[in-house]
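Listed below are the structures to be examined.
Each of the next two complexes has subunit A plus one other chain: subunit B in the first, subunit C in the second.
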Partner chain A sequence: MTIEVLKPGLATTVQDLGRPGHYHLGIPIGGAMDRLALRSANLLVGNDEGLAGLEVAFLGPQLMFQADAVVAVTGADMPILLDGEEQAPWTGFSVRNGQVLSFGYLKTGARIYIAISGGVDVPPVLDSRSTYLIGAMGGYEGRTLKAGDRIALGAAPASRAGRCVPESLRRMPKQPAALRVLPGLYWHRITADAGQHFFEDEWQVAPEADRIGYRFRGGRAIEFVDREPPFGAGANPSNVVDSAYPYGSIQIPGGLEPIVLHRDAVSAGGYFQIGTVISADMDLIGQMQPHLPTRFVKVDMDAALAARAERKAILAQIRSTLD
Partner chain B sequence: MSKAQVMSSLPGTFYRKPSPESPPFKQDGDPVSAADVIGLVELMKNFEEITADVDGKAITFLVEDGEAIMAGQAIAEIES
Partner chain C sequence: METRFSFGGDDHLVGECSEQMSFEAFFKSLAAMRAIREAAIDGVTELCGGNASYMVRFDPDVIHPNDILREITVIDSVIDQSEPVLDTRIIEVPAYYQDPWTHETMMNFRERHQDPSATDLEYGARINGYDSVGSFIEAHHKSPWFVSQVGFVCGAPWLYQMVDRDRQIQVPKYIRPRTDTPQLTIGHGGAFSCIYPVRGAGGYQMFGITPMPIFDPAQVQSYLRDSMVFCQHGDIFKFKPISREQYDEDMVAVANNTFTPKIREVHFDLREFETNIDAYNTKLSGVLDDN
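Right after this comes the complex of A and B.
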């Protein structure tokens, strides 16, 4: 009941829905960047939604199955090959002992999620199998997969291949991508003009973007309101007295390049945050490629909550479709 | 005479030089061997090397230094 890694890809990690409850100690929630994609993949193979699967960033692995299984691949558009034969995305398919799963070049999106009936079985750490890379904990020995690794699988549920998440229920960023933002506590630190052009300008995903944060460049610099630096904040106008960083919060060091903190966020620091990307749009960030043009869209709390409800409705539809 | 294309398996930013001050790995028209590094792709704070993968008499780049590339994009042609 194992899978052997023949080629690991660029950054393939074990991820589930993360480990909530430890952020105040500096340990982020972690888990799949695109949660809807992981949940869907699990449901397609008959797993509980929160079982661990593989998150694959940008470059697909090559995996040899040493057990029969049902597999589903969701998320980014990357050709799925089983012994060289193309398989449908967002659809459960059968894999036999000895077959090799591999992938073509990424087309759109950034990450695929591979769910296997039974789930990936690594020892849970703080109640989660998610890999937290900079903490070197969880997942497969706390790291990205390497050639030669053998991944254990859990006991497979009764499962069947052939079920599919319809295209209307799959979510991917548009071009340009739109991320909805609720302005934050430090809004008073920037000029009215900066508060406008932040939302008017087109930004681009920087190649440094990763699980900790997504960086953007290309928009105009943010100007700050003059102040006497408070004790402990330092002279740079983008600094504040250290504060907690919410998931999705957007810091702009030096007023230059916005960074949206993601699942492996740092929990606190000394940069002002212009606002926070709403929870309903966090999954989309996990599917953004470097250089993707992006707009930040200002919303209020009512709109953010409505978007969250809409997202829950999509998940409910996926559940009932696959039930 | 046949031409092989060198593809990038990753999306990101393509660089023809190992560092901003260095000369390019290869100039247009240079001969290459399979193991030669011809460029770098920057992605998620890593720089992945792209190798020629074939021996050839002359390389021609299809992408400029610092340009954004897609996975599966041809970045150079190599004449054998």
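Right after this comes the complex of A and C.
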């Protein structure tokens, strides 16, 4: 009941839905960047939604199955090959002992999620199998996969191949991507003008984009309201007395390049934040490639809650479709 | 001291007790956290303490953001009348100042520093008005420090020096952050010292290193069996300068999982502390001299 890693891909990690409750200690929730994609993949193979699967960024792995299984691949658009034969995305398919799963080049999106019936079985750490790379904990020995690794699988549930998440229920960023933002936190630190052009400008995802955070560039620099630096904050106008960072919060060190913190966020620090990407749009960030044009869209709390409800409704539909 | 509230998206509420760091703001944050925890509000999923602020994570499917704001505002508004006292622990943290490892790293990143011709300690001593590195180091370990925030990555502590503001050490961060910092480096940036729990990037000036692990995901160290993260919001740290020999000895103990930090329970009263800081610190640190 194992899978052998023939080629690991660029950054393939074991992820589930994360380990909530330790952020106050600087251990982030972690887990799949695109939660809806991982949940879908698990449901497609008959797993509980929260079982661990593989999160694959940008370049796919090559995996040799040493057991029969049902597999589903969701998320980014990346050709799925079983012994060289293309398989449908967002659809469960059967894999036999000895077959090799590999991938073509990434087309759109950034991350695929591979669920295998039974789930990936690594020792849970703080009740989660998610890999937290900075802490070298969880997942497969706390690291990205390497060639030669043997991944154990859990006991497979009774499941069947062939079920599919319809295209209308697959959520991916548009081009340009739109991330909805609730302004706030240290919003008062910037000028009214800066508050306007932040939302007007088109940004691009910078190459520094990973599980900790996504950096953006290309928009105008943010100007600050003059102030006497508060004691303990630091002299730079973008500094504040170090405080906790919300997931999704947007910091702009030096007023230059916004950074949106994601699932493996650093939990606190000394940069002001302009606001926060709403919870409903966090999944989308996991599917954004470097250089993708991006707009930040200002919303209020009512809109954020409506979007949250909408995302929940999509999940409910996926569940009922696959039930 | 009025707390300013703001939502971080639809599932975080941040309360900023004060824009500037102070013992009062830190105590207000501690007291608010305690009171919110006791209130056991349905839908609150996690509390994250800050130096002069706090963050409440909540589930908006359970409690509407407006409702949590209302409840937290009420709790926060009665904090000012509460007593600024704290039952906590004081921990002796061995500190090997001017160690070879942070020295090597600082030399590799000299061009990112304000004063490439000086070491971080020489620079810190000079801009804080000390006549020698030795007296600067002494100032660093003579007084205790509050763990005023925990986090960043893997349970790193922010340490706030327990002396009056005029005597608090302040240094800027590196002009450009280093891409490397040895594990367990004792650093300082702005008004805060810190300990790097794991190796990684960093911008704080490097003063020394401790042999004492503060993050242990495998939880093999005896004092980390209950929690893989050692530091707790409100802990008091007292650095003890150690020699290379002592450092090596401690490292052997760490390798054998037999290292045990000296930890004592203490009661802290901010009013008494502020009446006579040095005398209070002497009494506070005195509990570490009992064996």
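Rule of thumb we're sticking to: the second predicted complex is superposed on the first by the 323 of 323 C-alpha atoms of A that agree within 3 Å, B and C clash if a C-alpha of one lies under 4 Å from a C-alpha of the other, contacts with A are read in each partner's own complex, and residues count from 1 in each chain.
Assume a contact is a pair of C-beta atoms (placed from the backbone, for glycine too) under 8 Å apart; a residue touches a chain by one contact, two chains touch by 3 or more.
From a predicted model like this one, the values you see are computed outputs, not experimental measurements.
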### Query
Thinking of the overlay built on chain A, is A:His291 touched by subunit B (first), by subunit C (second), by both, or by neither?
first
### Task
Mind working out whether A:Ala235 is in touch with subunit B, subunit C, both or neither, as first, second, both or neither?
second
### Message
On the A-aligned overlay, A:Ile314 touches which partner chain: subunit B = first, subunit C = second, or both, or neither?
### Response
neither
### Task
Applying the touch criterion given at the start, work out whether A:Met137 contacts subunit B, subunit C, both or neither, answering first, second, both or neither.
second
### Task
Compare subunit B and subunit C by how many residues of subunit A each one touches, and report the one with more.
C
### Task
Have a look at where A:Pro207 lands relative to subunit B and subunit C in the superposition and call it first, second, both or neither.
first
### Task
Give one of first, second, both or neither to describe whether A:Cys164 is in contact with subunit B, with subunit C, with both, or with none.
neither
### Message
So in the superposed three-chain picture, is A:Leu106 touching just subunit B, just subunit C, both, or none of them (first/second/both/neither)?
### Response
first
### subunit B-touching residues of subunit A, taken from the complex the two chains share
10-11, 57-59, 104-107, 207-210, 289-291
### Query
Taking the complex as given, what residues does subunit B use to touch subunit A?
7, 9-13, 42-46, 48, 68, 70-72
## Note on the structure
Touching subunit C in the complex, subunit A uses residues 20-27, 125-126, 134-137, 142, 182, 184-187, 230-235, 239-244, 246-249, 266-270, 273, 275-280, 301, 304-305, 308, 312
### Summary
subunit C residues touching subunit A in their complex are 6-12, 14, 16, 18-22, 45-55, 57, 60-61, 64-66, 149-156, 158, 165, 172-173, 189-192, 197-198, 200, 215, 217, 227-229, 231, 233
